[in-house]
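Note that chain A is present in both complexes that follow, paired respectively with chain B and with chain C.
What follows is the complex of A and B.
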């Protein structure tokens, strides 16, 4: 197709086989496809996702429910139930090894040790019948081969590191004896207890109150800097992303639709969906004035639009968007990549309307 | 947006121009007045299940909401904001105080009078999944309230009349008429919330308690529902008590805001005043906790330490004193831990329950400047 010839195609260039050449790259996900085969057909929850994360860097994965952001994280850790799930394609290079080619035993040594995850629900992701000391030391004993006593003292250290007062008493308590904020701190303590190289946080503050959310975000940022771990933060909240990470990838319908440094993506969005998400932040609007909305709903996974997956909801779409799906394009003069035909050079005229709307949106963000 | 194509159910005297006038100012007369409302839950213990204490869920709350106004109630989970809303609606038993709606004492009503009052005040629930009966078609979910309130005048007991009305209100909330035959599981979260709104509206209420109506929804759907709620407010001249924990939503949606902490109302003000110059240290902390979407801003936070204390055993004096940054700054004055400060008028319609309310603004600026955030320090060290 014409557009593909004119614009350097990133996907093709990135999808070379073999480990990444840059030793600084900690994790490199290429062409990841995770499908679920259910009664009504196949749900392509993640359909061709590429991203990489350097050591000690932070990346935010943003999108609404069902966009595939959590499935991406679970695919990295291979916590997908197979069947009905299937990792239908792609490579996940972590520290020089392809996680998707590992045996169950090999991946078990990575999980919890090199890659740790903080889950959304601090209420349900802790086991109610064990003390938190038992739960933290379980991973330490497994991965660091120490005895129970040593593991318990490391668990106490980990609890102290996440700012839990009186950790020696807390290790003997059960999850129900703690508040939501403390439980989330316990989850974080568990995650950092084996000094992971990559920390995945899946909506770590969504279930918490604002004041506790502020505490937990500060804690995650502080630990990230202190331990030098890379951070993959999954969230639906653009404001949380703005405060926490360096790079961001916006997901929609199983694909990354825009990715780049956080300043570029939030202060000059290049994809209509990112623009719509920013417009949906109520505080950026005058009271009494109608909110700009992203019309409609996410597409039915069994009846995906043939062209651009955002086309049915996109205010800028034209016929071409219905027929073909864009690749991630790099608009000239930016560090951003956007999966939108508007960013192709020949559509500059159409892009003017979009750019004007972006200016108005960003004015709201800057305030 | 979700236009109802002129088929929307009529309600007298709700021309959009006239109502907009009420909305923009505080000139409307009070519709709802609450005085010294308390809702306690008994704690029982021992073999005899004796009454050994109380959970002070709502403790001495007074406020008034004008007709056509949207009053926001914010606070952390467990602060009593939902219990407050439910007590007003007579869904929880009040321990003391009065609630008057249009001059009638809601808490004293009984029998037919109470039943008639229930038509006038309705509730929209937080969870669009849990609040719709999965065994009922939408026509019954919305029609149930109509059936309960049927009388010879409205003839809602008549299936045809009821179904007509259900269809009208489905259209009013932007859904198709024929959805009335479907079941809840066939709808998305946003559509379910619209059904919940249609159910609340179908009895022609004047006052609606919206209990976190958008917090379970995705961001793009959230703004659709907020737009719908504003449009319906204009169309039906509704008064909202909007309970929420998302301060960004409240800032956009509400004209006046009450901040609750451990069952007490600690500050009440018009929205712009509250966000521009909060007069209670807890409000300052809440506002400073909101993340901002501008990545270049590195906010200096007044992060509160610890968790909310238990409402079964609230701290003495000012309930916030155990976590208060202002008290610490002022050298822990004794009055904070001994005397419970009343809600005091600060002028301009702003009220604050803090012994040092006049010092809040200046001290907040100094505190924010003084307090390097933990991260900045960590970054500097590394």
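What follows is the complex of A and C.
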């Protein structure tokens, strides 16, 4: 079966070319498309993602495994392996420059210095043969051009800033001598050591146990406020999003399906996928009942549905959803944007069913 | 115990390092006011600890170092010259300007019949040259192999395919015949030529090894983490990946020295290697063939024994290194 290529339509506001006019916008991602050319064809891991983030603000990128949230983050820093990867389109405006038009050397000076990243796996993200002091000071020497001694003392400061006791002794230690929580603190220290303007945290707490998760999130929030860096937090955990960020973007099958202020998105979701996610959160008062899940599975990346990507799993879908893909629509009376035909004015009747279910869902989550 | 214990008044300056719990106990009874602190060992300190406890490795190292010392210091103090072709008329020991009677007719390993050369001198000089060829050829081969393997493994893609096909092609050439042909046409048996030939055809194994190690580590999270802070590709290869690949490289290189020494002896024994007048172990053995029939066993035995001792020493040492450098091994 030959599937017709669908070019995602961009919102009118995002179609403009050139840097964002608002100087407060730190990073503006427009129509980002990252594809992977593999043996069986092309996987469109990220297919038309738009979002922007103002200086000092926080944005959460949520979605299930494989929806393209990590690839979006890696595309910003261009850490995608090319080949098989390819950044097929879009613009990433950061501080007045398009990151996608930079040379390898230019982007290298952005990495670590202007945009720093915290990875998911603290156990494997540190080089086993170097002391952590060596690893933190490498970034400092690279971007701040100081000598080794000065870099080491700044590394000690960074470790102290992330709450590691006895940092002067810790810098001489190797990664294998530390627990996961301490290693993640080291990764955070490394990330903030050069005072970046944007901090990308890719599931920073997924590999940690619950008590440590809370500490690390608290630390990231605190440092974000103290350093004034913008934060892009990638997670699949809605609870983390609710606690940590101001704005949220929900991703599904390589595109953003809903975005807006965190309280709007979580308390009055405007997309059936977001509603499904909230529905599937287990709660004490749902004891004994079968857990609500989103039926079906994520579409096969080689055989994406021709219309709305969520249509095969959507309880509200009708014929129109199979034929065309919705834009990000702005429902009246909210700051939300939702990629769903239900939000179009002509579908108000259908929307009533959805809205009633939303009320039930939100009541279920709050309890 | 992965850590040294450091004890001292200030715990950083003028600290006393103790390695066993018993020694710490003793120190603390003497100086009850001392602070105790654990200090991390790096990769090499840990490896040295394991190596020290590996008995065969220590025996091998002693054998190898002894041969190394014999080969380096021996030729400087021996009275006889191994290279001079004896004057048939003189019928006496050959010497290179040294007083012939400094070591009066004393021959440790006997005297070669006919040519009247001192077997001990020959063996010592043979060890010197054989080791020199083995070590130099291996060094060059390791450098080339590491470079090729590192580039192929890290960058992948076309470069990887191309370099690995070159390796495959070179590995399919019969090394022995190549050496025979090359030594015939190049440099006519100078040891430098032979050494270069071994280096030229000896790097492929290391290249494959390094490529596989780099390939498996390239996807590691810490490589991405290093790239994410802006470290360049070149620096990631030599500063981040190579130290992690160093253990297999060291092991492989040490074993390769033994391989080159054996191959060189073999080729020289056949008479195709280094000029027969130059004393390598293979040449000395080759020269001993006729003497054996006349019952002069020592002429063949001692150079043969030298090869065995060197190769055995290196192999034991390589085994020990392999165990010591394996971070998973707990000895």
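In the analysis below, the second predicted complex is superposed on the first by the 355 of 367 C-alpha atoms of A that agree within 3 Å, B and C clash if a C-alpha of one lies under 4 Å from a C-alpha of the other, contacts with A are read in each partner's own complex, and residues count from 1 in each chain.
Everything that follows uses one rule, which is that a contact is a pair of C-beta atoms (placed from the backbone, for glycine too) under 8 Å apart; a residue touches a chain by one contact, two chains touch by 3 or more.
Everything numeric here is computed off the predicted structure, so don't read it as measured data.
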item: Fit or clash between chain C and chain B when superposed on chain A; value: fit
item: First, second, both or neither for A:361, with chain B first and chain C second; value: neither
item: Contacts of A:126 with chain B and chain C, given as first, second, both or neither; value: second
item: Spatial angle chain C-chain A-chain B, Cα centroids [nearest 10 degrees]; value: 80
item: First (chain B), second (chain C), both or neither touched by A:274; value: neither
item: Partner chain in contact with A:184 - chain B first, chain C second, else both or neither; value: neither
item: Partner chain in contact with A:217 - chain B first, chain C second, else both or neither; value: first
item: Touched partner set for A:338, first chain B, second chain C, both or neither; value: neither
item: Partner touching more residues of chain A, whether chain B or chain C; value: B
item: Contacts of A:293 with chain B and chain C, given as first, second, both or neither; value: first
item: Nearest-approach distance, in Å, of chain C Cα atoms to those of chain B in the combined model; value: 9
item: Chain C residues within the chain A interface of the complex; value: 2, 37, 39-40, 42-43, 157, 220-222, 224-232, 240, 243-244, 327
item: Touch list for chain B against partner chain A, complex; value: 1, 23-24, 76-77, 188, 190, 218-224, 226-227, 230, 245-249, 251-255, 271, 285-286, 288-297, 299, 301, 303-304, 307-308, 373-375, 378-379, 382
item: Residues on chain A engaged by chain C in the complex (per definition of touch); value: 77, 79, 83, 108-113, 116-117, 119, 121, 124-131, 138-139, 142-143, 169, 172-174, 177, 187, 190, 194
item: Touching residues (chain side chain A, partner chain B) in the complex; value: 64-65, 179-182, 209-215, 217-218, 221-222, 225-226, 236-243, 262-263, 266-267, 276-285, 287-288, 290-295, 297, 365-367
